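Next come two complexes, and both contain chain A; in the first it sits with chain B, in the second with chain C.
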Partner chain A sequence: MNPEISSTQPATHVSHAPATILLVDDEPVSRLSMAARLKRMGLRVLEAGNGKEGLEILRRERPDLTILDWVMPEMDGPTVCELVRRDPAILSSQLILMTSHDQPEQIAEGLARGADDFLSKAASKQEILARVQSGLRTASLLQSIESARDQLRAKQEQMEDELLSAAGYMHSLLPRAGEVAPGIHMSWTYRPSLALGGDLFNCSRWDDRSIMFYILDASGHGVSPALRAASFATFLRAENLRHFVTANDPAAILAEANRHYPLTEEGYYFTVWIGSFDRTTHQLRYATAGHGGAVIQRRNGTIEWLTHAHLPLGFEPESTYELKTTQIEDGDRVILMSDGVYEAPAATGEVWGTERLAATLGALRSTALSDVLPAMMAEAERWHGASIFPDDAALLGLEFRI
Partner chain B sequence: MSTEAIFNLAEALGRVDEDEDLLYTLAELFVEQAPLDMAAARAALEAGDAAALARAAHRMKGALLQFSAPRVLAGISQLEALGKAGTLDQATTVCAHVDQELQTLITALREYAAKRPAV
Partner chain C sequence: MQIKERPVPNAVILDLHGDLTYAHRDLFKAAVETLRQKGCRHMILNMAEVRFVDSSGLGLLALVSQNFKMNQGKVSMIRPQSYVREILGLANIPKLIPVFDNEQDALNGIAQAA
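Moving on, here comes the complex of A and B:
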């Protein structure tokens, strides 16, 4: 065996199996000569006598490299090149056009029609060796890239499946819309910016006398905020809170939560608004930690924001929270929202804003609560100009018929 | 005419990495195939089909490159060019000349192939 060939051949292919070359030439003398040369290079050689047959073998065997004669009956070499480049399953095949044509314009035509390289039938054995090795090197690199791409796709699909599964769990933490307690109807709508959102809300009975409802927003986007939000939502379950607080007192609950959820090392935190409604006195008591999205719409249409300035959770371990109260009348509605709703930006960067939100809410006063929240979301979407907002957008509404 | 004058054995062997057994096989294959291609070229010429003449000549050219036979190769290249250009009036003379040269080469290759040792 020629030592030059045997010493360079292994470098042309990553795997230990010999590389496969498909040789397509209708002229038997030159095909036999070239096949013998390629076999001496240690390559596995497949042969075809015309372009049509060659294309069939190429599709079936996926050779590492294909050498095509230009002029052939049935289908010529450039046509095979064109068909290969149009077929997604084989378009990355390495193709060398071979002919006794050697004019530059013909070489250009061959390359333009999809060939990777060009080989003259009068080429020396050294040139044939060099071009075949170059083609195999490229084929090997392409195979590595395709293999890495396939692995990445498989990983991506696996991660997307896991995200969907996690999103399903997050969804299970959200309340069921309907009557929370006699005369208190609840509705919500939620549009996470990614598969997993960092906003959560809930509304549940604390005891026979009172209900508790809240909205929380974990800073950041993606898996980590969603996990922190899920943890916080679990903490805010009434059966858990009773270990820490003696009464349905939003300010006391926030003080306890503040101790449990300090600022993370990466600087992430929660904003949260918690309300407690007493069904006997009709008093709403509420407290907030940096969450500005809470509003009461009176039966007569008057809108009052149920917020006041305060740091988010976790900034100061001994923070205390101001407990505010307001009286609820028959027909009043309380709407909780994340800032992703009223901070939805237009193309100009201008946010939708609380004033436009309040005006929209005012216009919808006579609309059923279950239709109000989707209509508000649609208005924010119209302002933003796209269905996905840059931040999670959640709306929770309660209507009191008391 | 000697073998060396119509084709260069040393060069032809060099092209097949001194694999004499392969060169015998190529010669035997050419001796079978070339008369068919030449007949196709003559038929194309008689039919006035310039494109078919160019195709037949082109096919023979590929085979001839294996034997380092410069005179036949030059003639066949000229025939291909005339076919491509569609100037068939000159092609008749060239075709007759190529045919004659080809017969000489075929005879030489047949003699060469006859030297193949029996297995």
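Moving on, here comes the complex of A and C:
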């Protein structure tokens, strides 16, 4: 920087390079003399002879400050100001209009048409210096705001990418559709809400004799429920559970899970439904901790909800869970679902509800299971009026051909 | 959500007005904590003006119930609206926090259980 600008004056711009001033004046003598003054101040000066040329240079070079003469051929100063303010790419440019006399109407008009400040052609050296520095100060402030905004946008994009990646991981925890064991077909459909959610389900062989399947829901919003759900899903793996329970007993599994997953300090918890099907006895045993999304559709079309009221996991330390049983017949279907499915709200706020869901399921009795689940989801979507639900929506279906 | 404290003989009633949800968790927790620090032994949650309880709200109820029990206190609830009563029932909350139809029953109910 030129030593003429002393160290007692405040720094006027963000970058270490000298600031750039664009000088637009059709009068060669006054333009040259102003340019010389500005250069002596240690500033880099660009010049244009009329408004149109000035605007082109402004767009191209993005100077920190532009000083415009008022009356010019081709395009005058105030018109340049107007055009700058209309263009989103350059509208934050700092513009100083030069005036011949300090006429109040001129100032009002100049401001109205987009000027930031004024400089009389007869201004003293001190005044020129002061107004230029003031303009550069404002330019610097605006530049730092714009830079912060751009950084925020980049950060936001990065975070969204990371969320997508996390969602991809959650998806990888879901089971592969198909035959879980001889005669038992599994299908599923999953529609996560926009934000990362905390619903997970699985179905796997416990041993040669039985399969285990469950659906869980971590309360709360954001990334935290997803992390907790992933942790719980790991806990619910058969090879882990065998350290705690001897048999594929859903009630015992819940009691154990209850000990491992108390209420968090924020009051977060899980609801979960676990079922175990014995292939030799054809008995389905199940237990629930606050999760109401389990239904059986018999071959003859009868629909029965496999739920009862029970406290979610973590609500009561040392809780015991009720084990229920039912016999499975050939052709029966069991469907597990997130509450996000039957609680999908319409625009009025009314939820789709378990009755409408049961009616839809009833109408789909003779449809193949792999088509039933997407059809149910589509019906919930029709009710809701949009393809993304406010909550995760998962459907896991098992068909028994035994 | 607005919360008002109302002392009665042998208990304090929290009159809740609004939604017991994730958005209002800090307010609810603070109100309960105030009572707990004052040494309140019986907190009665008046749910008459609560329109909605979400999953976070259920967790909060369980949390405050557990905290009160740790201090030998008790929590009960009065006059939940029908939709809220249904949500509470599905989660079996009445097992943790007894539900009564009015203040007097709540006071009597706790006195009997003690």
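Here is the rule we use: the second predicted complex is superposed on the first by the 303 of 402 C-alpha atoms of A that agree within 3 Å, B and C clash if a C-alpha of one lies under 4 Å from a C-alpha of the other, contacts with A are read in each partner's own complex, and residues count from 1 in each chain.
In the analysis below, contacts are C-beta pairs under 8 Å (C-beta built on N, C-alpha and C of every residue); 3 or more make two chains touch, one makes a residue touch a chain.
Please read these numbers as outputs of a predicted model, since none were measured by experiment.
Enquirer: Answer with first, second, both or neither: which of chain B and chain C does A:Ser100 touch in the superposed model?
Expert: Touch status of A:Ser100: first partner only.
Enquirer: Classify the contacts of A:Lys121 with the two partner chains as first (chain B alone), second (chain C alone), both, or neither.
Expert: The first partner, chain B, only.
Enquirer: Quick one: classify A:His221 as touching chain B (first), chain C (second), both or neither.
Expert: second
Enquirer: First (chain B), second (chain C), both or neither: which does A:Leu32 touch?
Expert: A:Leu32 contacts chain B only, not chain C.
Enquirer: Touch test for A:Arg59: chain B only (first), chain C only (second), both, or neither?
Expert: neither
Enquirer: Looking at A:Leu263, would you say it contacts chain B, chain C, both, or neither? Reply first, second, both or neither.
Expert: Only chain C; A:Leu263 stays clear of chain B.
Enquirer: Counting only touches as set out at the top, which of chain B and chain C does A:Gly314 meet: first, second, both, neither?
Expert: It touches chain C, and chain B stays clear.
Enquirer: Which positions of chain A touch chain B when the two form their complex?
Expert: Residues in contact with chain B: 2, 25-30, 32-33, 36-37, 40, 69, 71, 100, 121-122, 125.
Enquirer: Taking the complex as given, what residues does chain A use to touch chain C?
Expert: That would be residues 217, 219-221, 263, 266-269, 271, 290, 292, 309-312, 314-316 of chain A.
Enquirer: Which residues of chain B touch chain A in the complex?
Expert: Listed in rising order, the residues of chain B that touch chain A are 15-17, 19, 22, 25-26, 29-30, 33, 55, 58-59, 61-63, 65-66.
Enquirer: Which residues of chain C touch chain A in the complex?
Expert: Residues 22, 25, 55-56, 58-60, 62-63, 66, 89-93, 95-96 of chain C touch chain A in their complex.
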